[in-house]
Amino acid sequence: MAEFFHMGGYGLYVWGSYGVVAVFLALELIFLARRKQALLERLTALREMEEDKS
Amino acid sequence: MFAVTGMVRRDVILAMRRRADVLTTLFFFVIVAALFPLGIGPEMATLRIMGPGVLWVAALLASMLSLGRMFAADYADGTLEQMLVLPQPLSLLVLGKVVAHWLGSGLPLVLLSPVLGLQYGLAPDVLKVLVISLLLGTPVLSLIGAIGAALTLGLRGGGVLVALLVLPLYVPVLIFGAGAVEAHSSGLGGEGHLSLLGAFLLMALALSPWAAATALRISLD
Amino acid sequence: MAIHWTKYSAPSAFYPMAGRSLPWLAAGTLLLTAVGVYMGLFSAPTDYKQGEAYRIMFIHVPAAWMSMWLYIVMAAYAGLGLVYNTRMAHMLAAATAPTGAIFAFLALWTGAFWGRPMWGAWWVWDARLTSELILFFLYLGVMALRAAIDDRQRADRASALLALVGVVNVPIIYFSVKWWNTLHQGATIDFSGSKMDRSMLWPMLILTVAFWLYSFVTIFLRARCEILERERHAEWVGELLDNRG
Amino acid sequence: MSQSLEAVSLECVRGDRRLFSDVGFALEPGELLHVTGRNGSGKTTLLRMVCGLVRPQTGMVCWGGKPVSTLGDEFFRQLTFVGHLNAIKDELTGRENLMVEAALRGNPVSESQAASALSRMGLKGHDRLPAKVLSQGQRRRTALARLLLADTPLWVLDEPFVALDVHAVETLQHAIAEHVAADGMVVLTTHQEVPIKAGRKRTLHMGGSGTGVAA
């Protein structure tokens, strides 16, 4: 297994690239999911507030 | 067509009454051009190589910094709103404004560049090509810049935003502007670059006024 | 991304459609990414010249292609939005920009990580990398303009116009940088290394499709958020919120 | 003979707030439309929409039956608009401001014509000074003087009486009444009284719920 990570001496660069791509794409999804969650909560709260007022 | 000349005459009269704005652009160009040797060192050999590129970047930044003036004053006092209601094609009026802006910010740089070129030890024939490239290039900077100025009308932090918007679009003009001078001094001859600059100018003349007019309508909606 | 437009140009129709297709898109993305990465890292033979470093190409090239493709998609939505004044098109343009910018950044990052072992320098003023950098700035410009304008309608139309002006300039920038590069450095360095035999081509194509599906996922997710934010007064949003409980 | 002006079920959305919806009116030559409503009811936006400065969400503005958006310059030739901002340059004198704008409109005026328009607005001795030294009222009068110069059938005025003294208000009321009597058309918003001699006066109240009820 170590040989695989070693990547013929280029381990840093190969894993540096694949790793960062994976991290960024995953982060984008996480932020999007969190944004949706926060949005839904805010909107339901707003609706309840409007319903109480009317 | 007199929409353009009418607008140019108006703006030139206005510029004459507030000469300071034209001078600030010029002083910025001179100061930036003087800073580089302080940073790089006085030996003429390197400065001669750096010269065209530095002068071109300085001219580009000076012209971009004065973009704010193109519409901001008219936007503030309401004359821009009137322009949109004039029975004239708005893109021609915008072209008039761009020409006036170039006269105040582009042309002075062109006229002054040979003097600054001497500071970089450029030979007379190189200076000639530098002036021609700036003469062709600075109008394109004003034309493209007009779109950025119109889009960021009345926005807070508009100055920096305009830079972020237009600098990427300035890249081809910079490449062939500075490239023409560098190609000439390296013996390749700058004609190819200058003709491309001319092509950019024609394209910008055809498209930018319309795009800037659309941007104005969007901003004043 | 040719969705037949008329039906889904209404946010209330687009929202459920995007919701239904998201699981499939996500599954497709995961599957193709796994296959592509596996082939790229394992089954593709070691390149005799570059050793293992060339494997970075399998994600660098797809990211660069996607960053270019998504700019064109964003400009297309922008154009549609300006001409037909449809809010949905503007929302999709807004949803596309960040994903495109991330792909541009990743293309630059992987380009640098590939350049380091290949030419000993983290940054090489190669024509493609330089154009990618400028494309990244164009993305930042469009997003910064949208963020700077409070009125949503003006923000949509201003950033749409900028996207259109940008897409006209992208080829010009690309060829000017290419010319500038050849003028100063002679022949450009052949980026893709030795002649690619078939087994090397597959991982790249698979990962490109994987990234393409991935961009669907993020754009649909972000577009749904945009819809909820903008249409919160619509009664179908109200119902949706209510039965979400 | 000037055409009729018509607005058909105009709607305007700002951000995600609907400013007004299905606002409509018709205005024939020789009539004045007084747009009323409290602040924030969209009066200014409606006027700018009539001038083609603001694109309606739905509905359209028609001049002589044809939509303004397609007419473009042909419609602008019939229109003079005075908005909240005076649209005069501080560095130019009163006369220069009027002459420059008339030239840009395509029908240049002589200096004497500009001077007489300014004197009718009570700016006799002040029209050779750069606008920046004038008071707010004097600047407003310079802005309004363009109405006397441009003989366009349609006047759109947004709060024209603001910052005017009693004398200037009378002058403007007189000019508006004369314009309407000569088969001109005026759309304006104001909290002042707008007496007219001849022709017909209509009011359009921008209601709280944002609907426009034309009487």
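Going in written order, the chains are labelled A, B, C and D, and every chain counts its residues from 1.
Note that a residue touches a chain if its C-beta (ideal position, glycine included) is under 8 Å from a C-beta of that chain, and two chains touch if they have at least 3 such contacts.
Bear in mind that the values here come from a model prediction, so they are computed numbers and not experimental data.
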Middle chain, criterion being Cα centroid separation: B
Chain pair showing more contacts of the two, C-D and B-C: B-C
Between chain B and chain A, distance of the C-alpha-averaged centres to the nearest whole Å: 42
Inter-chain centre distance, chain C versus chain D - centres from mean C-alpha coordinates, in Å: 48
Inter-centroid spacing, chain C versus chain B (mean Cα positions, whole Å): 32
Mean-CA-position distance for chain C and chain A (Å): 16
Residues of chain C whose C-beta touches two or more other chains: 153, 232
Of all residues in chain D, the ones touching two or more other chains: 55
Junction residues of chain B - those touching two or more other chains: 221
List of chain B residues in touch with chain D within their complex: 2-3, 6-7, 9-10, 13-14, 17-18, 77-79, 81-89, 93, 220-221
Interface residues, chain C side, partner chain A - complex: 37, 41, 46, 51-53, 55-56, 59-60, 63, 98-99, 102, 105-106, 109-110, 113-114, 116-117, 214, 217-218, 221-222, 224-225, 228-229, 232, 237-238, 241-242, 244
List of chain D residues in touch with chain C within their complex: 13-16, 55
Sites on chain A touched by chain C in the complex: 7-10, 13-14, 16-18, 20-21, 24-25, 28-29, 32-33, 35-36, 39-40, 43-44, 46-47
Contact set on chain C toward chain B in their complex: 134, 137-138, 140-141, 144-145, 148-149, 153-154, 157-158, 161-162, 164-166, 168-169, 172-173, 176-177, 179-180, 183
